[in-house]
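A, B, C, D and E label the chains in the order they appear, each numbered from 1.
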Amino acid sequence: MDWLFYIIGPILLLGIMLGFVTYAILFERKVIGWIQNRPGPNQVGPWGVFQTVADIFKLLTKEDIVPERADQTLFKIAPIITFVPAFLVLAVIPFTDRIRFADLAVGLLYYMAISSITTMGILVGSWSGNNKYALLGGMRSAAQMISYEIPLVMSVIGVVMSAHTLNLTKIVAAQNEVWFIFPQLIGFVVFLIASIAELNRTPFDLPEAESELVAGYHVEYTGFRFAFFMLTEYAYIFAMASLTTILFLGGWQAPFGWTFLPPLIWFILKFAVIVFLLFWLRGTLPRLRTDQLMEFAWKVLLPLALFNIFLTAVLKEVPWIQTFYR
Amino acid sequence: MFGLVKGLGLTLKNMVKPRVTYKYPHEPLEMPNRFRGIQYFIPELCIVCNQCVRICPTDCITLTGKKSDDPNVKGKVIDTYEINFEICILCDLCTEVCPTEAVVMTNHYELATYSRDDLYKDMEWLSQNNTLVRKENTLHPLPKKTGAKKA
Amino acid sequence: MQITSYLALAAILFSIGLYGVLSKRNAVIVLFSIELMLNAVNINLVAFSKYGLNPSVTGHIFSLFTITVAAAEAAVGIAILLALYRLRGTSNVDEYDSLKDESDLQK
Amino acid sequence: MLRTEEMLLNVGPQHPSTHGVLRIVVKIDGEVIREATPVIGYLHRGTEKLAEDLNYTQIIPYTDRMDYVSAMSNNYVLVHAVETMLKLEIPERAEYLRVITLELNRIASHLVWMGTYLLDIGALSPFLYAFQDREKILDLFNELCGARLTYNYMRVGGVKWDAPNGWLQKVEQFITMMEKRMKDYHQLITGNEIFIQRTRGVGVYSQEMAIQYALSGANLRVTGLQRDLRKEHPYSIYDRFQFDVPVGRHGDLYDKYLCRMNEVEESLKIVGQALASFPEKGRVLGKVPRVLRVPEGECYVSIESPRGELGCYLVSKGKDKPWRLKFRRPSFCNLQILPVLLRGENMANLVAILGGIDIVLGEVDC
Amino acid sequence: MTGEFFAFFILAICAIGGAVFMIHFDRVMHMALSLAFTFFAIAGLFFLLDAEFVAVIQILIYAGAVSILMLFGIMLTKHQEKEQTFTRTKLHQWLSFLFALGFLAILMSVIYLAPFTLPAGDQSLYSVNKLAEQLFKSGYVLPFELTSLLLLVALIGSIILAKKEEKE
């Protein structure tokens, strides 16, 4: 029966992820609507529940336009290069101690490594469309994602030092007593900010800065190719929110020993808080500028992350406190 | 950092405030009495003075008069009266100058059609557009009437 | 599985890289080819670490060092390329045959 | 920065942040703008030429369509010019109504600016909040003159309508509500570090430069020059009200924002005072001849519109139509400084600086 | 035919195919992508060799960072020219081809003549913990630290090289 799990499981996961993307988009629009004293989408179906379904259906039935002067092959494969890593990273994420696919020893690094492939897809997609706005968006995106990958990786080193492992399941197990958000508060903040930047979301949504670059790297994309880029964006929200939950919020572990809810529900609750936070930020904050973005990554986040590593290393040797850092 | 947190607090507070959206296509919008909507034309009152045609800034009104069938009535009576809503800007000047208030504004604002031809409204249509008619009309710009304020 | 297959694969990749270095004029492609050769070497290191005389993790460490050095090399290489491109307006290695700035020579 | 190929980029005429159909041809090097040329005229309707063929009453609806965000000031500047030529006396009540509507329109215009500007910067919600408040003003106008945007309210010699029953109370309620809302805006935007980062020290110009480029309105005041036509040459009854003219210190975009927000507060003050001393009774339209024949001659009047000095130059040959009508549109004049400001700036600052100038394309192209 | 051999076969074909196409394509962008594909395939080979950590680093550094760096380099320089302009003369090409082929022949003969029939190391040898232990506890600390120095120097050096001269 094991092999059945490995065949049906990923398909199921893909289905779950697509369902999440569908309703995350709806939820995002609803949240931003509420923030702006609007009801949000409410026309298609009761409470607007079929809005995104209708949108996806619209995108799929749209004419597929490939610009004539575009690099045809690259233009067509770029959405795939972008999307595939977004799904690949889900392989190592343990949702509970039983629902997981690959229990990789280097799970955390695997996530970071695979997610960096997406940048290439975005860069290729932006370049191949032969559009200047898209090119600018792609360049911004690549620069941003490479710059923020460094604080992102650096910020989790504190967690790795505390948990003594790169394996995500063991990292969750190490948070048995205290979630890493408390001893690793600096790391958490840096990770959260860097992950928002990695996700290209407000206030770091420069690659698709609507008011400047019209739509950023996917200006030229239509129909289902465009849908792929959107899918990637939200699949990464799914992955990143899961990762944040696992690394800092204790994964599926119940707080205060409240085990009356099953682990999966706890995971989903924590996960939902992170997702809501992302949408909430989007409804509130303006956008940074490119140079400020870079300065922020290199001058603020990176030193902070390094300081966090140093602090963790020091505190690990202090009596009594070291129990939190183990 | 504190400024960002304050902003976040405000947006969170707004999430529970009542919604302000009009449910427009489902519930019609109530327009105030003075709203300048599609005109209502009353042929019986028209004295074919042509003032509305002359004042119209976009020349969207055309009218013709004819001799009255009733020989007792002096002057002309209206024969055709058309407003082209492709170019009408609903500026209210025609109702302002009309000495008999034969043309008045209504609260109707739905002008969307599938054909441009439908925007060419004739006398019959305009005289049947008689719901939600504006109750008070403007102060007349003529000096003799300025004293009679209606507000 | 034999180490021979890995070594053969590495040899083939290395030779392709070598051909690229020798036959291409564009500096970017030359850089690509060099990276390919370095990767071929990495395969050897890791393969020997598993199928070698003393199976141990040392080969991994060496390949990590290689990767690090290669990354540094790529960064510096691209930087040099950009600087040269700015100076000469071309990325063909053939034309980088003068040690002096040609714009100075014209004066 | 790396030097790259220079790239020619057409920003607009269809672009989310050009606020209409402005086109800016920018030469960019990476993300740095080397040269920017605004191309205007996509919305040119020839209002000035059309006006030569229309009588004075008929021109008023055309002025609505110039600066469609604050149509009242356009209405007013035209009738003001004609009244100046005719030396008409305007009833007290009409003057009060004019001031109230002008100031409410200024608030509405600044709210639109604030919302769209924050949208340019990347924040979504202030736009919706600002439009909610503006909606209330538009509703008030709708009740007063029957339209939300193209008011056609002012008439030579007065205004078209008197305030309907209960309207003044509604304005009063609006003022108290708006004063509260201003606190919300300050909480949401004024202290926001990202907003400050984006706007502090960006798009700075000196006072001399502003005067050389004939800037007016908040664009001029932001450099520290206290010039407001409502104070300098009080038209209508502005000399009766107490208000301050907010000025900036640094001349950057953040100061522009503060300046305009303070102006909203000052406008609220003016409306409050006007409501307090609103005459009980009186006519709203003075004695005007049936056919307006402006005596031969010419005049130039200017008022402080939300965007700056809105002027109207009128030449009459004694007919019922102007011989020449010319509007000095503040948006058009303020736009002239754009190429200078954009040179050497970041691509992201383009929209910030353009938004800061606060143009309305209907007015630029006229 | 074991699963391992099958996987090796596929990955090897991918790697060689990517490399060959890298040489063959006539647009630099395509070349960079096919090279990235090769890097990816090589990472797969590392997985096959129980070198999980190296494989992930390979993806992170090569497929993720170096390839993107290359793409940047391509975008920042002009590459409208096609194959004709950036290969050398026919003769030069043939000579280099023969040289590479000869080199390959020698390597192959050496590889196949050598008596490599050693058993594979145990999988337990290659955990990340072992790697770290080896790296930090048996004399590789100094080289490791020196690498960081090298990276720093490379970082600063490339920034200075690529920086625009102020006089312009």
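Observations on the structure shown:
We adopt the following convention: contacts are C-beta pairs under 8 Å (C-beta built on N, C-alpha and C of every residue); 3 or more make two chains touch, one makes a residue touch a chain.
For reference, the UniProt names are A = NADH-quinone oxidoreductase subunit H; B = NADH-quinone oxidoreductase subunit I; C = NADH-quinone oxidoreductase subunit K; D = NADH-quinone oxidoreductase subunit D; E = NADH-quinone oxidoreductase subunit J.
Note that this is a predicted model, so its numbers are computed, not measured.
In summary, the chains found to touch both subunit A and subunit B are D. Among the remaining chains, B is positioned farthest from subunit E, on the basis of C-alpha centroids. With A-D and C-E as the two chain pairs, more C-beta contacts join C-E. Taking each chain's centre as the mean of its CA atoms, B is the chain most distant from subunit C. The chain closest to the protein's centre is A, with centres computed as averages of CA atoms.
If you average the CA atoms of subunit A and of subunit C, the two centres end up 33 Å from each other. A straight line joining the Cα centres of subunit B and subunit D is 27 Å long. Centre-to-centre separation of subunit C and subunit D, using mean CA positions: 62 Å. The mean-CA centres of subunit D and subunit E are about 61 angstrom from one another, to the nearest whole unit. Among all residues of subunit D, those that touch two or more other chains are 2-3, 125, 129, 132, 188, 192, 194. Contact with two or more other chains is made by residues 82 of subunit C.
Within subunit A, the positions touching two or more other chains are listed as 35-38, 283-285.
Taken together, the subunit B residues at the contact with subunit A in this complex read 4, 7-8, 10-12, 14-21. Of all residues in subunit E, those touching subunit C in their complex are 2, 4-5, 8, 12, 15-16, 19-20, 22-23, 28, 31-32, 35, 38-39, 42, 45-46, 49-51, 53-54, 57-58, 61-62, 65-66, 69-70, 72-74, 76-79, 85-88, 92-93, 95-97, 99-101, 103-104, 107-108, 111-112, 116-122, 125-126, 130-131, 134-135, 140, 143, 147, 150-151, 153-155, 157-159, 161-162. Of all the residues in subunit A, the ones that touch subunit E in their complex are 71, 73-74, 104-106, 109-110, 112-114, 116-117, 119-120, 123-124, 127-128, 135, 139, 142, 146, 149, 166. Those residues of subunit B that touch subunit D in the complex are listed here as 1-4, 6-7, 9-11, 14, 20, 31-36, 55-57, 89-93, 96, 105, 138-139, 141-143, 146-147, 149, 151. Across the interface of their complex, subunit B is touched by residues 54, 57-62, 64, 125, 129, 132, 135, 142-147, 150, 152, 155, 160-164, 184, 187-194, 196, 283-285, 287-290 of subunit D.
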